[in-house]
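Chain nomenclature is as follows: A, B, C and D, assigned in order of appearance, with residue numbering initiated at 1 for each chain independently.
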Amino acid sequence: MGKKLKKYSQGEPLAPWREKIHEVIFEADTPAGKTFDAVLIAAITLSVIAVMLDSVETIKYEYGHILDILEWGFTFLFLVEYILRLISVRKPLLYATSFLGVVDLLSILPSFVSLFYTGAETLLVIRVLRVLRVFRVFKLAEYLGEADYLMRALRSSRRKIAVFLYTVFIFVVIFGSIMYLVEGEDSGFTSIPKAVYWAIITLTTVGYGDIVPQTHLGQMIASTVMIMGYAIIAVPTGIYSTELAKVYKQSITNNACINCGEEGHDEDAIFCKFCGEKL
Amino acid sequence: MGKKLKKYSQGEPLAPWREKIHEVIFEADTPAGKTFDAVLIAAITLSVIAVMLDSVETIKYEYGHILDILEWGFTFLFLVEYILRLISVRKPLLYATSFLGVVDLLSILPSFVSLFYTGAETLLVIRVLRVLRVFRVFKLAEYLGEADYLMRALRSSRRKIAVFLYTVFIFVVIFGSIMYLVEGEDSGFTSIPKAVYWAIITLTTVGYGDIVPQTHLGQMIASTVMIMGYAIIAVPTGIYSTELAKVYKQSITNNACINCGEEGHDEDAIFCKFCGEKL
Amino acid sequence: MGKKLKKYSQGEPLAPWREKIHEVIFEADTPAGKTFDAVLIAAITLSVIAVMLDSVETIKYEYGHILDILEWGFTFLFLVEYILRLISVRKPLLYATSFLGVVDLLSILPSFVSLFYTGAETLLVIRVLRVLRVFRVFKLAEYLGEADYLMRALRSSRRKIAVFLYTVFIFVVIFGSIMYLVEGEDSGFTSIPKAVYWAIITLTTVGYGDIVPQTHLGQMIASTVMIMGYAIIAVPTGIYSTELAKVYKQSITNNACINCGEEGHDEDAIFCKFCGEKL
Amino acid sequence: MGKKLKKYSQGEPLAPWREKIHEVIFEADTPAGKTFDAVLIAAITLSVIAVMLDSVETIKYEYGHILDILEWGFTFLFLVEYILRLISVRKPLLYATSFLGVVDLLSILPSFVSLFYTGAETLLVIRVLRVLRVFRVFKLAEYLGEADYLMRALRSSRRKIAVFLYTVFIFVVIFGSIMYLVEGEDSGFTSIPKAVYWAIITLTTVGYGDIVPQTHLGQMIASTVMIMGYAIIAVPTGIYSTELAKVYKQSITNNACINCGEEGHDEDAIFCKFCGEKL
């Protein structure tokens, strides 16, 4: 994201006042920027809670007008913020069509749409999507590294996880189909998709209990699926642990000493631990 | 698998046109081979979904003829593919009797059998088994390494996992039996196998809730089983993580010794650990 | 904690008899101190069990007077201990306002309050809070290092876990809202908060089964949430494993630099990484 | 265990025929010993299954006499084995009073007791305890190392796990008590022990669904407990992974080269990887 923002600031320079706004809104390491981020996170969280409460019948009935006022207050706030963002970037269109730009717009629009249109529930859910704006929190300097670290390990274990998920898919399809045959409609295994749904509930150890095997054979197969699910959780866990360790190891070994050329220094190292030269 | 395929191509060479078919169907690193694999995966997935939908009463009633057409289309496709596979390998019998060869046949046969025989449900489930053909996806060059990596760690932790599963078995049999004594038939613990089934549901943290302890003593024992299940999940996870890390460490130095040809030397090895030759 | 206790003993020395009490109550490495700790743990555990049993209708009815006697016995014991603690520290106010000091007081007060006031249930729960005193067990020399070790890894993975929890929050809000739209009130998804509650139950693989999707689309989305929850458990596990390994690695070389006093050097370090001085 | 057995064979030598029996029954690395172990495992497993089936009403009614014959067959087999064990060890009393010796006796006695006494269910459960004899399987040479490896890591993480379990105990007591206050008897939280039972069901992600919160506040607290349980599973997993890695690391670094003194050789190394000298 840091790179993307740099791209915005290339080309002709912004007017000083727009530069100032940009600094507050997009940068996170100045005091003003940090305050802005903190206020934004709080506003997003509160506004999402307000939207969620708006869907509770009893609360809407009693506090509906307060929630309305809050909603319009937040909408106005986000509108101002959106306009400021458009003003302070060099390429407004690029921002407006980016993922977070669309999410920013989605946090304003539904309130206005609700003036003309009355599909209350759908609009509520669209308004809830503004929770995605919380991803901006990961822009905060102190979180950026951590999130990036977790994402890098996730990205490099992408294929292993795909292999794992495919295997899980094959397991639940086969075991689901067998249970459809063994248990049949009387136990709630009315179709293969339903039986596969049961297999997913069981293998992931969620275990709702809305569909359960009734026959002895069915319960034996179910036991197998459970123990399988209990054991193979080790696979994604093992994959991710190993990748995280790798990413961590890479992060400490990338910088070599200019004096002795040795690598493997910690991130916080100032002097080479092998020859004492300043890094 | 790569090795197995090489075995097919030894001996007298295939005719050029059979060689060409072999390349497209069995190889994954040519453009044609990649396209073929992608189409095959899509066909398998779609056909499995079609079979699954075929078991849903309402869908079968309304869209039954479309599903029939799809099924025969896929059957024809898989039939052509099966014949091409038989033609393009040097030892057709070896292929036909291999695991994936039998699965390939199983994805064609049931449709023809259904013309004479009407055990609809059994045939449906056999047809679903074609989902196993997805394992072919792991033949794709970019996944082969990953799947192999996961399998190697699984294979080398085989015995540790066996010890773990045996211990789990002993736990559920003993705790199940005790609960059969403590709770008795009134709470649904009608027999020891049923009580063991409950212990598996509880230890694996699935927790259907179809059989639950009613007495105070029973609930105390159940609590013990739950916390035990919650804690010992650490065992398979720890085993697999450690094995993955080992396999990874070995894989970064798969340079073979020039003297004895053995692999698996550590990163910092200067001499072969098996024959003492300089690496 | 060791450091905090040292702070108490700075300044003017305590009278010898107060010094002696201090040694028994606060220190854990003398025989008398160890015996005191063991007795204390047993008393806390027994008294918590007594409080818990006091809330069971049938037990209270039959053994109420025995529980009353036990409660007053433990209260008297804890009162004596509290007074001894106040006497044997140099700054009683500092102790009395510390976290464990307040907990110590909370384990005595409710019994006396119950003489005048009759909000039985609230008082019971406050009395149960004395279970927090068990944290004193971690003061025991042999556990101190272990608990500290686990806490250090937890502290250094603080931000990564915050990123993870925020992501989980975003997931459950979005999936909950979608399910509210898809399932509606008939399936029990009466409001967005309720649907988010369902999403938490499902993602964490708890799976009560009190709210379950009824429509086909809802069950498909639920399957996605389950598999997601089953797979992303790998993230906190991976984070914590990696941090524990790091902390362990650091702990094996907690030799401080003689020049700058900084700790945390690697095993193979020859020079201090902070000041360049030879170790 | 190997050490214990050696102790038996010290002192005056056994008669050759007793020596021979000892070898077959107690040793696992001769062909005869391996065959004996395999037969024993099979006999134990089958006899446990027979006992379990004996508790199923319908099966007992129809196949009761077959199960009776099987039971007496296995009892006779185990009796012969027990006598042979007593004969072939130097100190029969030491064997008879050891843990596995008592288990061996427990697998014979109940059948004879059942001739005079008719507490069918209790005897069934005692007979099931013979499943513990399966632990003898870990005597088999190829499993001994693996089981020992897992146990060593478990033993060295003993204290960390105790700290973790204590923390879980404090959590469930406090959250259970709060829920008892918040939810009350109407939702099934009839007493604090019951509420703690609910907290254990929820924190361990078992989630039976027999007791579920009904109030909004209760559901919010429950959500906290679920996410807590979902996240802190990372703690035992992390602990055990780290310990296993430590134990593994120790096992490869114990043997030093006699030529260059370097350590860190793999278990299968024949030559030093640093200087090429035979190890």
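As a convention for this text, contacts are C-beta pairs under 8 Å (C-beta built on N, C-alpha and C of every residue); 3 or more make two chains touch, one makes a residue touch a chain.
The structure presented is a predicted model; accordingly, all values stated were derived computationally and were not measured.
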Equivalent interface positions on chain C and chain D, same or different at half: different
Relative to chain B, chain with the most remote C-alpha centre: C
CA centroid of chain A to CA centroid of chain D, Å: 41
Interchain centroid distance [CA atoms averaged], chain A/chain B, Å: 30
Junction residues of chain B, two or more chains touched: 164, 193-194, 205-209, 229, 233, 237, 239, 241, 245
Chain C residues within the chain D interface of the complex: 48, 51-53, 55-57, 121-122, 124-125, 128-129, 131-132, 134-135, 137-138, 142-143, 146-147, 149-150, 153, 161, 164-165, 168, 193-194, 197, 200-201, 203-210, 229, 233, 236-237, 239-241, 243-245, 248
Footprint of chain D on chain A - complex, ascending: 205-209, 237, 241
Chain D residues touching chain C - in the complex, by the definition given at the top: 159-160, 162-164, 166, 169-170, 173-174, 177-178, 180-181, 190-194, 196, 202, 205-209, 212, 216, 219, 222-223, 226-227, 229-231, 233-235, 237-239, 241-242, 245-246
